[in-house]
Amino acid sequence: MNAHSKLWRTFKNNKTAVVGAVMALIVLLTAVCAFVIAPYDPLEQDVFHRLTPPERSHLLGTDEYGRDVLSRVIWGTQISLTVGFFSVLLGMVLGTTMGVAAGYSGGLTDSIIMRVVDVLLSFPTLITGILIAAILGSGLVKLIITIGIVFAPRFARMAYGPTLAVKEMEYVSSAKVIGAGSLRIITRHILPNIFGEIMVAGTLWMGTAIMAEASLSFLGLGVSPPTPTWGNMIKSGIDVLASAPWLSLFPGASILITVLAFNMIGDGLRDIADPKLRA
Amino acid sequence: MLKYAIRRILISIPILLAVVTLIFFLVRSMPGGPAVAVLGDYASKETIEALEKEMGLDIPIWQQYLVFLRGLLSGDLGKSLINGMPIAPQVARVLPYTLELTLSSAIFGILFGIPLGVFTALRRNRMFDYVGRTLSLAGISLPSFFLGILMMLVFSVKLDLFPVVGGGDIRDPIDSLHHLFLPGLTLGLMMTAYITRTTRSSILNVLREDYVRTARAKGMRERIVIYGHTLRNALLPVVSLIGVYAIVLIGSSVLVEIVFSRPGLGKMMVGAIGRRDYMTLQSVMVVYAGLVVIINLLTDLSYGLIDPRIRYD
Amino acid sequence: MVSPTTSVNSHLLTIENLRTYFYLPEGTVQAVDDVSFRVRKAEIVGLVGESGCGKSVTALSILGLIPWPPGRIVGGRIIFQGSDLTRLPPQKLRDIRGNKISMIFQEPMTSLNPVYTLGHQIAEVYMEHQAVSKKEALNRAKDMLDKLRIPAPAKRIYEYPHNLSGGMRQRVMIAMALACNPQLILADEPTTALDVTIQAQILELTVELQRSLSTSILLITHNLGIVAEYAQRVIVMYAGKIVEEAPVIQIFEEPLHPYTIGLLNSIPKLGSKAAVGKRRLSEIPGMVPSLNDLPQGCSFHPRCAAARSVCRANEPEIVEISPGRRVACWAVTDGWS
């Protein structure tokens, strides 16, 4: 049977990944269509209906300013996915550049870059993120940069090994002999080799990025209210946990569903990439 | 083994130095400069300079660095920018709470995660496995602070079984445990999820190895094949990963400490950021760095002990 | 040649119509498809064929070591000491493994457990089957290492596999296999992974021990030279089926099945023109078919010079054309080879 149906069959056999993909798609659609499906303006306050439990006019209740929780959760999807996507992208570009540069140049550049990478990686991701967020400040763009910087070392390490390996291969030496410039070698030979692995990693880390955004916003270091993000909604919700648990529960559940979706896809992609590791 | 151990310990030192240096310079790159941050934008030039002198910030940066290093070696972590109190005693006061939390969660994770990993591997693709795999996947997808909130909601608020906030009196074991239970359980469950997944896949990998087939061909009973031949080999990569997860756990502990208002390094760090107390932030990060290096070292040494290829060479 | 006895008693192992299939996503692989043969006491039988012909799977089927999923024995009987091994409860099968029937595997590098000492890995066979103490078992292990000419056995039993060379590790595997004086050893390519100089040593040693213990050996290999040297009888397999069986001299002097002929022709013989590069080695044209997509009729017919329409239509039945001599080929049995 041809490669296309074989791939389809493997994917179908791995129901987890399919379910994950469907969930992620729903989340994506929610984000894209937020304008259409959100019943209220997420920033619109209503002082007469503060902290109301879930009911017909407010399906997920209202928060301490009377804002509709459902609408805020829906709009929060946009932020989470945006941060997730762009921070992973940034990390991928930054990290791959570092890793390829280190692997390709060798010598002192190699040692310095990879030592820095090792040092950055040995620290808990969250704490590194907290430190960088403290330096850069809060806000959506700065948050994306923070998480991108936190992820870069991992991508660097991932790109480093294959770069070294490919560099040694004969077709690269022969390319050099005929005068091919370094940039050409890198783009034609090295990048295609590491592309697949990096893509799989990128998908897996969308989930981690979303978690990171939530955690940093929860700590007050990410996106601040009134902009609704799941993280800062949970933070506000803690103060009224006993009387109005829905403020924290629904954003939290959204994080769970979204991150779970990406992890499921990631597991599935990993199984396809290396069938020997199939569970 | 001895050579391996010495090498590992020796490597830790420059790594620790590098991390600590990085922290020093990163903290110094905070916007505005520490004195301005403390005093506010309207402070006069003289007040700022006076405070800088007091903080030791008027000398050249490389001198500050040396002072910093010297202080570390003698256990002096500097003084808080906000209230001028020495930081080291404050750290000493909260460190036991963080250690208590991290250690108990790691132990919980190992105690439950490894057997669960083995059982799901052995009952592969049966109901137990599907449930186990889904739960552990959910476990790693759940933000730690959310799980903490859920725990709090169910056990403290609704059932009123456990205290909502605080760390309890560290000298009173019962009180400590009472306050440790929910935060510890939160992190412990997350650790369990990680370890279950790793153990499961490691066992499945080892079961495919030739030497497992040899063991069966020798007529060894299944119990010995699984818990002897397979498990011993499967645990090797798991031990390395436990170290990695412990470090992730340290990160998550910050969130859990905030959720439960539990004293600890995490709470201290976040508080320091909020008050722009850079000295405290720097010192807390240095302590974290030390913890990370120690954990890595312990993991490497444990691995060396249980892998005979390293132990006996 | 000894006239064949039809009673089962003089045969140690009788395999009847064994079928072992693997159910894979690409299709069902009929790795062993209706294989029948016997092994007598104290006999060395060579089971030859190319990679993938089913010879290893046959051996694994005997000991019930086929992993499920994806493989399982779907038909046939394997009779040993009055019982059908395919129907034995797991406990009884374990009593036989390593005890009455042992197996030696191809890769000594990966077939030994890296975290257990060599002594332990041999000793546990004694502890499992002969209920002796660990101390006594280690003692016997040491004696076994000595019998296999491993130097300094008393020290070796406390060493780990990674301390030893490939040849030494294979000796340890043989020690494990011989520990309980089995009646049958399944040797799956025992020397293929070793250096040529070591190969001869190991085989000589094994056969020497075999003679002194009156064990039977099912010697699985693709190396016809080894078979010529050590086996008394040869069974040739192709694509999961037996194509020819004969006493060793007859196989080499008078091969009947076109596949056997092709195999023998492709060995360069000393002094032949092919060996000195004056003529090309003759090879069998075509490729071994993939086992989930076998040709209609005789599996070998696409590559066979003597193929006729009956070969394309029907699978040849295996026929005993003279005592101890079986062939599955229309050309031979219909008399027009």
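Letters are used for the chains, namely A, B and C, taken in the order the chains are written, and counting of residues starts over at 1 for each.
The definition used in the following text is that a contact is a pair of C-beta atoms (placed from the backbone, for glycine too) under 8 Å apart; a residue touches a chain by one contact, two chains touch by 3 or more.
Only a predicted model underlies this, so the values are computations on that prediction, with no experimental measurement involved.
**Q** So which chain is the furthest away from chain B, centre to centre on CA atoms?
**A** C
**Q** Which chains are joined by the largest number of contacting C-beta pairs?
**A** After counting contacts between each pair of chains, the winner is A-B.
**Q** Taking each chain's centre as the mean position of its Cα atoms, how many Å separate chain B from chain C?
**A** Measuring from centre to centre gives 54 Å for this pair.
**Q** As a quick test, compute the distance in whole Å between the mean CA positions of chain A and chain B.
**A** 22
**Q** Out of chain B, which residues touch more than one other chain, so two or more?
**A** Residues of chain B never touch two or more of the other chains.
**Q** Using the touch definition from the top, list the residues of chain B that touch chain C in their complex.
**A** Contacts found on chain B: 209-211, 213-222, 224, 228-229, 232-233, 236, 306-309, 312.
**Q** Spell out the residues on chain B that touch chain A in their complex, using ranges where they run on.
**A** Counting only chain B, the residues touching chain A are 15, 18-19, 22-23, 26-27, 29-31, 124, 133, 137-138, 140-143, 145-146, 149-150, 152-153, 157, 200-201, 204-205, 247-248, 250-252, 254-255, 258-259, 269-270, 273-274, 281, 285, 288-289, 292-293, 296.
**Q** List the residues on chain C that touch chain B in their complex, please.
**A** 63, 65, 90, 94-99, 102-103, 105, 107, 110-116, 124-125, 128-129, 160, 162, 173, 176
**Q** Which stretch or stretches of chain A touch chain B in the complex?
**A** 16, 115, 118-120, 122-127, 130-132, 134-135, 137, 207, 211, 214-215, 218-221, 234, 237-238, 241-242, 245, 248-249, 252, 255-256, 259-260, 263-264, 267, 277, 279
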